[in-house]
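Both of the next two complexes hold chain A, though its partner changes from chain B to chain C.
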Partner chain A sequence: MDFGQVLGEVLNPASMLWIMVGVLAGLLVGVIPGLTATVAIALLVPLTFNLDPLHSLLMLTGIFSGSMYSNSITSITLRTPGNPAGAVTILDGYPLALRGEAGRAVGLAAWASVVGGLLSVIALTFLAPPLASIALEFSPAEYFAVGLLGLTTVIAVSGRSVPRAVVATAFGLLIGTVGMDPLVTQSRFTFGQRELTTGIPFLPAIIGLFALAEVFRLAGERHLGSRAVATIGRVLPTRQDLRRTVRPISLGSVIGILVGILPGGGGAMASFLAYGESKRYSRHPEEYGKGSIEGLTAADSANNGVTGGAMVPLLTLGIPGDAVTAVMLGALMVQGIQPGPRLFAGGGDLVYPLFFGMFLANILMFVVAMALAKPLASIAMVPYSILLPGIAMFSFVGAFAATGRVYDLWVALAFGFIGYLMNKFDYSIAAVALGLILGPIIESNLRRGLVMSGGDWSIFVSRPISLGVILLAAALLVFTVVQQRRRRANAEFLVE
Partner chain B sequence: MPTSDLDPDNALDTTDPEASGQLGWQLVLPLGFLVVGTMILVASTQFPDTAAAVTAPGLYPGIVSVVLIVASLLSIGELFAVRRRRTEPAAPVTAVTDEERRDSRRTWARAVTVTVLSALYVVVTPYAGFVVTTFLYCFAISLLLRDRSVRGVVGAALIAGGLVAAAYYGFAVGLHAPLPKGVLF
Partner chain C sequence: MNTRQKMAALAVVGLGLSLTACGTAEGDSTYPSGAVELVIPWDAGGSSDLAARLFGSHLEDALGTTVTAMNIPGANGAQGWADLAASEPDGNTIGLITYDILTNQAMDPSATQLDELDFLMQFEEQPLALYVHSEGDFQSVDEIVEADRQVTFGTSGLGGVFHQGAGLLAQSVDREFSYVPFDGSGGQLTAMVGQHVDAIVISPTAPQQYVEDGTLLMLAVFADERSEAFPDVPTFQELGYDVPAHSSFRGIAAPKGLDDEVRTTLVEALKETYDSPEFQTKAEDLELQLTYLDSEEFTGQLNTMAPTVAELLTNLGLTE
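Let's look at the complex of A and B:
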C-alpha cells in the first residue's frame, strides 16, 4: 500500500469523524476517576461493532489516545488518579493547580501527551518488527533487572529522608505480595480472607492513598478557604515552557516507547521511570514534587509514549503487552482481525492506515484537549463544600467500578487512612505506589529467573542485557546520591 | 497550604497539635512498620516447604521485610538524631490562646468526623444502597464545611443530590458501570 492510498483511507470525512468520536468518548470517559483507559475501551468497544474494520480500528485508537491523556486531568485538578500512572502526574500537577496554574498543568500535560503519542507512533511505524524481536529476547532475568532500575526512582520521590522513602517502598512491595503466590499454589498473608487471595487491588489502593487521604487532610485544614484555587491561569503553553520541557518530554517519550514494548510494562512503570530519570538530569531537581513542569511533562509523555510501544508486540506478534492492549486484541478479533506477522503481509491494508490513524488521533486529541482544557481545569476552582464530598464520592465509586466488589471500598478506605498518616509524618506515598507497581514484576521475574538457573543467582549478571541494566541501575543510584550530597553541601555552604 | 507529599511544608508541622514536634507521635509509624516487617519476616519462614528453596513463597517477602526492618530502624535513628540536634528552640514559643485551642479542636473534630463518616459509608452501603447512603454521606461532609443556617442545609442537600445524580446517571445509566447495590434499596 503506497503512502497516497494510506492518506486516502484516513483523510476522508468518515474516518476523521470516527477518530474524533473515539477521542471525545475516550476523553470524557477517561476523566472519570476509576475508569482507566482499559475500562474506557472495554466500555466503548460495543460502539465499534457495527463499523467496518478500518473505522472500528480508527475509533479504538481515538479512544486509546483520549483516555490515556484525560486520566491526567483529575490527577491535576482533584488529586484523584484516574489510572495508576496518575499517581506520578499528581506529584507535580496538583501543586501546580494549588498555585493557580491548573490551566498551565492541563495544557502542558496535553502537549506532553501528544508529543509522547506521536513519537511512539513514529517508532511503531518504522521500528515495530526489529523492536519486537529484541523484546522477545527478554527473559525473566532482564525483566527483573528492569524492575530494579525502576526502583532507583525511589530516590527521586524520596522527599527529605531516604530511609523513610525506602520504608514506604518496602511497604508497597510487601503489599504486592498479599494474595496467591505467583509460582506455586500457596496463598500468602491473607489471614483466611477469601477476597485477599486475589491480592490487594491496585486501583482502589492508589485512589485511597492519594484521593481519600487528601479528603481527610483537607477536612482537618485549619484555614480551609471556600475553594481550592481562585484561578486556573493560562492554558496554552508559553514558548518558555515549551523550551524548558523539550528534554523531559523527549526522555519521557523514549522511556514510554521502550517500556511499552515490554510485555507487562505499562504507563505507570514508564511514568515513574521517566519522572526519576528526568529529575536526575534536571537543572532544577529541587522543584520536583512542588509543581515542576519538567516532572509533569516527563511523566505524561511517558504515559502516552506507551501507546505506540504497547502496539508493537500486539500487532507484530499478536501478544498483548498489558491490560489495555488485551482489550484491544479482543476488539480486533471481534472484527475478524488476527494480529501477528500476517497482518503486515499482503501490503498491510489495515496496518498502515491504522498507524496514520493513530498519528491523527494524537493530533486531534491535542486539539480537543486544548479546546476543553479551560472547562476541565476549572474543576480545581470548585468550592470545597462541593469538592470534598465530590472527591470522596468519586473515590468510592471509582474504587467500586473496576470490579464491583464492596471489598474494594474497604481497601480504598484503609489506604486512605494509611495515606493520611504517611503524608502527615512525611513518608512518600508515591514510593508506596512505586512499590505496589513494581513488586509483582520484580518478584515473579526474580523467582522465575532463579527457577531457570536452578537457584544460581548469577543468572542476573551473566546475561549481557540483564547485567547492563543492573549496572545502569547501580550507576544511576550512586550518581544520584552523590549529586544530592553535593547539592546539600553547596546549599549549606551558601547558608553559612 | 501544603502542596504534596514531597513538600517539606507538609511534613511534621501540620495542624495536629500533638503530632508536631513530639517524638512519641513521630515514632508511631516507624514502630508500626517495624512490627509489620517483623511479623512478615516470621510469617515468611513458616510457609510449607517446597521442592526447591528458590520457589519458596517466603523468599521474596522475607528479603523485602528485612529491608523494611532495617529502613524502619534507620528512620527511627534519624528521628533521634534530629531530636539531639535541636538543643534550642529555633523561634520563641508564643502562648497558645483559648481561641486557637478551640480552632484546633474544631479542625481536628472535622477531620475525625469525615474519617468516621467514610467508615460508616462503607459499612452502611451494602445495606442501604448507593443512592441513599451516598446522599447522606455527601450531605454530611458538605454541611461540615458550610454554615449551619437554613441556607447552608439546603445548599448541602442540593450539592449531595447533584453529586448523587451525576454519579448515578454518569456511571449506571450512561456507562452501565456497576454501583453498589443495597439489601434494602
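Let's look at the complex of A and C:
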C-alpha cells in the first residue's frame, strides 16, 4: 500500500467524521470523573459491530487520545483526577491554577499531550516490530525491576520531607496488598468484607486523597476568600514556555512510549516515571510540586505517549497491553480481524491508514482542545461556595462511576479524611498513590519470578535487562540523595 | 463494568437532559411481553462479553423482542450468576454460562450451584490444547512429562480453566508442575511467546497465528477426538496419556422454575438463533467454535464435569 492510497483511505469525509466523533467523545468522557477511556470504549464497542473496520478503529483510538488529554482539565482546575494518571498532573497543574494560571496549565497540558501522542504514533509507525520484541523480552523479573525503578520516583514527589514520603509510600504499598493474594487462594487484610477481596479500588482512593481532602482543607480555612482566583491567564502557550518544556516533553514522550509497550504498564506508571526523571534533569527542581510547567508537561506527554505505545503489542503481537487495548482487541475480532504478526505481514492495508488516522486525531485534538480550553479552564474561577460542593459532588460521581458500587463512595470518603490528615502533617499523598500503583506490580512480579526460578532470587540479577534496570534504580537513588545533600549544604552556606 | 456502572455513566452523560419514563405493559400473558435481559457475568469488551452480545443481538430476531445485555462482573462470574439465579423465572432474564461456574461451585460453597439454574443450551465449545515454544527446552509431551527439572506452566490466572488444564495433565502423569499465573490470557500468551515459561494450556484461537508462523508448537488437544480445525494435532490418548477431555464452553441459562410454555418458546428461539446463517457467519468472524448442545445434553455434561473439577481443584490445593 503506497502513501497515496493511505491518504485516500483516511482523507475522506467518512473517515474524518469517525476520527472527529472519537476525539470529541474522548474529550467529553475525559472531563467526566470516573469515566475512563476503558469504560467509554467498552460502552461504544457494540456500536462498531456494523462499522467499517478502519472507521471503528479510528473512532476508538480517537477516544483513547482525547480522554487521555481531557482528564488533565479536571485535575488542573478541580484537583479531581479523572483517571489514575491524573494524580501526577495534579501535582503541578493544580498549584498553577491556584496561582491564576489555569489557562497556561490547560494549554500546556494540551500541547504536551499532542506532542506525546504524535511522537508515539511516529514510533508506532516506524518502530513497531523492534519495539514489540522489547515487550517480549520482559519477563516478571524485568517488570519487578521496573517497579523498583518507579519507586525511586518517591524522592521527586516527596514534598518537604523525604523520610515522611517514604513512610507514605510504604503505606501505599501496604494498602496495595489488600485483597486476594495473586498466587494462592487467600484473602489478605479484608477483615471479612467481601468488597475488599478485589482490593482497595484505586480510582476512588486517589479521588479521596486528592480531591476530597482538598475540599476538607478549604472548608476548614478561617479566612477563605470568595473565590480561589479571579483569572486564568492566557491559554495559548508562549514561545518561552514552549522552549522551556522541550526537554520534559521529549523525555516524557519517550518514557510514555516505552512504558506503553509493556503489557500492564499504563498511564499512571508512565506519568510518575516521567515526572521523577524530568525533575532530576531540571534546572528548577525546586519548582516541582509548586506549579512547575516542566513537571506538568512531563506527566502529560508521558500519559499520551502511552496511547501509541500500547497499540504496539496489540497490533504486532495480537496481545493487549492494558484494559483499553484489550477492549479494542475485542472490537477488532468482531470485525473478523485477528491482530498479530499476520496483520502486519499482510501488507498493512488496515494498519497504515490507522496510523495516519491516529496522527490526524492528535492534531484535531489540539485544535479542539485549544478552542475549548478557555471555557474549561474558567472552572477554576468559580466561587468557593459553588466550587467546593461541586468538587465533592464530582468526586463522588467519579468514585461511583468507576465501579458502580456504593461501597466505593465510602472508600473515597475514608481516603478523603486520610488525605486531609496527611496534608496537615506534611506527608506526601502523591507518594501514597505511587505505592498503590506500584505495589501490586512489584509484588506479583516478584512472586511470579520466584515461582519461575523455583525460589532462586538470582533470577532478578542474572538477566541483563533486569540487572541493568535494578542497577539504574540504585544509581539514580544514590545520585539524587547526593544531589539533594549538596543543594541543602549550598543553601545553608548561603544562609550563613 | 456492570449495570450500575452503566447507569451511573448514563446518568452523568444525561445530566441536563430530561428523561421521560416509559411504562411497561402489564397483564399481557404471551411471552415475550417485554425486553429480555441477558446477564453477562464478565466485564464489557472481553471475549465472553462479545460472544454473548453477538448471540443476544441475533436472538432479538428469533424472539421478536429487544434483548438487553447487562454486564454484572465480579468474583469470577459468581456475582452475575447469583443475580441470575435470584431473578424472576419469567423468561425475561437469561444469562451467559461459562466454564467458571464449575470452578466457583467447587471453590466456594456459597456460590451459585448447578441445581439453581436451568441450562437451556450450549452454543460454543473450545477444547483446550497444550503449547510449547519451538525453540524451548521441551518439544514434545514426552519431554515435558519426563523432564528432569521443574516445568513451568503459564496460566491466565489462579485456578482458571487453563490452570486446570495443566493440572489435568499433571494429575494423569503423576507429577507436579509449577504454575505462574499472569493477568489474563494475554499475559499468559506473551510469556509463552517470549519464552518465559515452558508451556501453556490455552484455547486455540489466540495462539493460532504463532503456530502458523512457527513460533509455537501445538502438541496435543484435550479432547477425545482430533479437532476438525486442527486435524494434524493428536489427542493425549493417541500419545498414550490418559488425560480427560477438557474444554471451555459458553451457553445460556435461565433461573429454575420457568413456565413450560415460556421455556419451549425460549428454547426454540435459542436454537433458531444458533442455526441462523447471519449468526453463524458473524460467529466465524469472531472465531467462536460453535458446538450446539441442547438443554439435556448441556446439563448432563455440566453434572458429569462437576465432580472432576472439584477433585482436580482439591489436588491442585486450591479448595479451602
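Assume the second predicted complex is superposed on the first by the 490 of 496 C-alpha atoms of A that agree within 3 Å, B and C clash if a C-alpha of one lies under 4 Å from a C-alpha of the other, contacts with A are read in each partner's own complex, and residues count from 1 in each chain.
By our rule, contacts are C-beta pairs under 8 Å (C-beta built on N, C-alpha and C of every residue); 3 or more make two chains touch, one makes a residue touch a chain.
Here the structure is a predicted model, which is why all the values come from computation and not from measurement.
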{"item": "Touched partner set for A:Val184, first chain B, second chain C, both or neither", "value": "both"}
{"item": "Chain B versus chain C as contact partner of A:Val451, first or second or both or neither", "value": "both"}
{"item": "Touched partner set for A:Gly289, first chain B, second chain C, both or neither", "value": "first"}
{"item": "Partner chain(s) touched by A:Gln335 [first = chain B, second = chain C, both, neither]", "value": "second"}
{"item": "Contacts of A:Tyr384 with chain B and chain C, given as first, second, both or neither", "value": "first"}
{"item": "Chain A residues touched by each partner, larger count belonging to chain B or chain C", "value": "B"}
{"item": "Partner chain(s) touched by A:Leu173 [first = chain B, second = chain C, both, neither]", "value": "first"}
{"item": "Which of chain B and chain C A:Phe417 touches, first, second, both or neither", "value": "first"}
{"item": "Which superposed partner A:Gly404 touches (first chain B, second chain C, both, neither)", "value": "both"}
{"item": "Doubly contacted residues of chain A, that is, touched by chain B and again by chain C", "value": "32, 35, 39, 43, 183-184, 397, 400-401, 404, 451, 454"}
{"item": "Parts of chain C lying in touch with chain A, wherever the complex brings them together", "value": "1-9, 12-13, 43-47, 49-50, 53-54, 57, 69, 74-75, 107, 150, 152, 158-159, 178-184, 186-187, 189-191, 193-194, 196-197, 205-206, 208-210, 212-213, 282, 284-287, 318-320"}
{"item": "Residue numbers on chain A that touch chain C, as the complex places them", "value": "28, 32, 34-35, 38-39, 41-43, 45-46, 49, 135-140, 182-185, 197-198, 263-264, 313, 317-321, 326-327, 329-331, 333-336, 338, 340-342, 397, 400-405, 444, 448, 451-452, 454"}
{"item": "Sites on chain B touched by chain A in the complex", "value": "1-8, 10-12, 14-16, 19, 26, 28-30, 33, 36-37, 40, 43, 47-48, 50, 52-55, 57-61, 64-65, 67-68, 71-72, 74-75, 78, 103-104, 107-108, 110-111, 113-115, 118-119, 121-122, 125-126, 134, 137-139, 141-142, 144-146, 155-156, 159-160, 163-164, 167, 170-171, 175-180"}
{"item": "Touch list for chain A against partner chain B, complex", "value": "29, 32, 35, 39, 43, 90-92, 94-95, 98-99, 157, 159-161, 163-164, 166-167, 170-171, 173-174, 177, 181, 183-184, 186, 188-189, 212, 215-217, 219-222, 224, 288-291, 384-386, 388-390, 392-394, 396-397, 400-401, 404, 406, 409-410, 413, 416-417, 420-430, 439, 442-443, 446-447, 450-451, 454-455"}
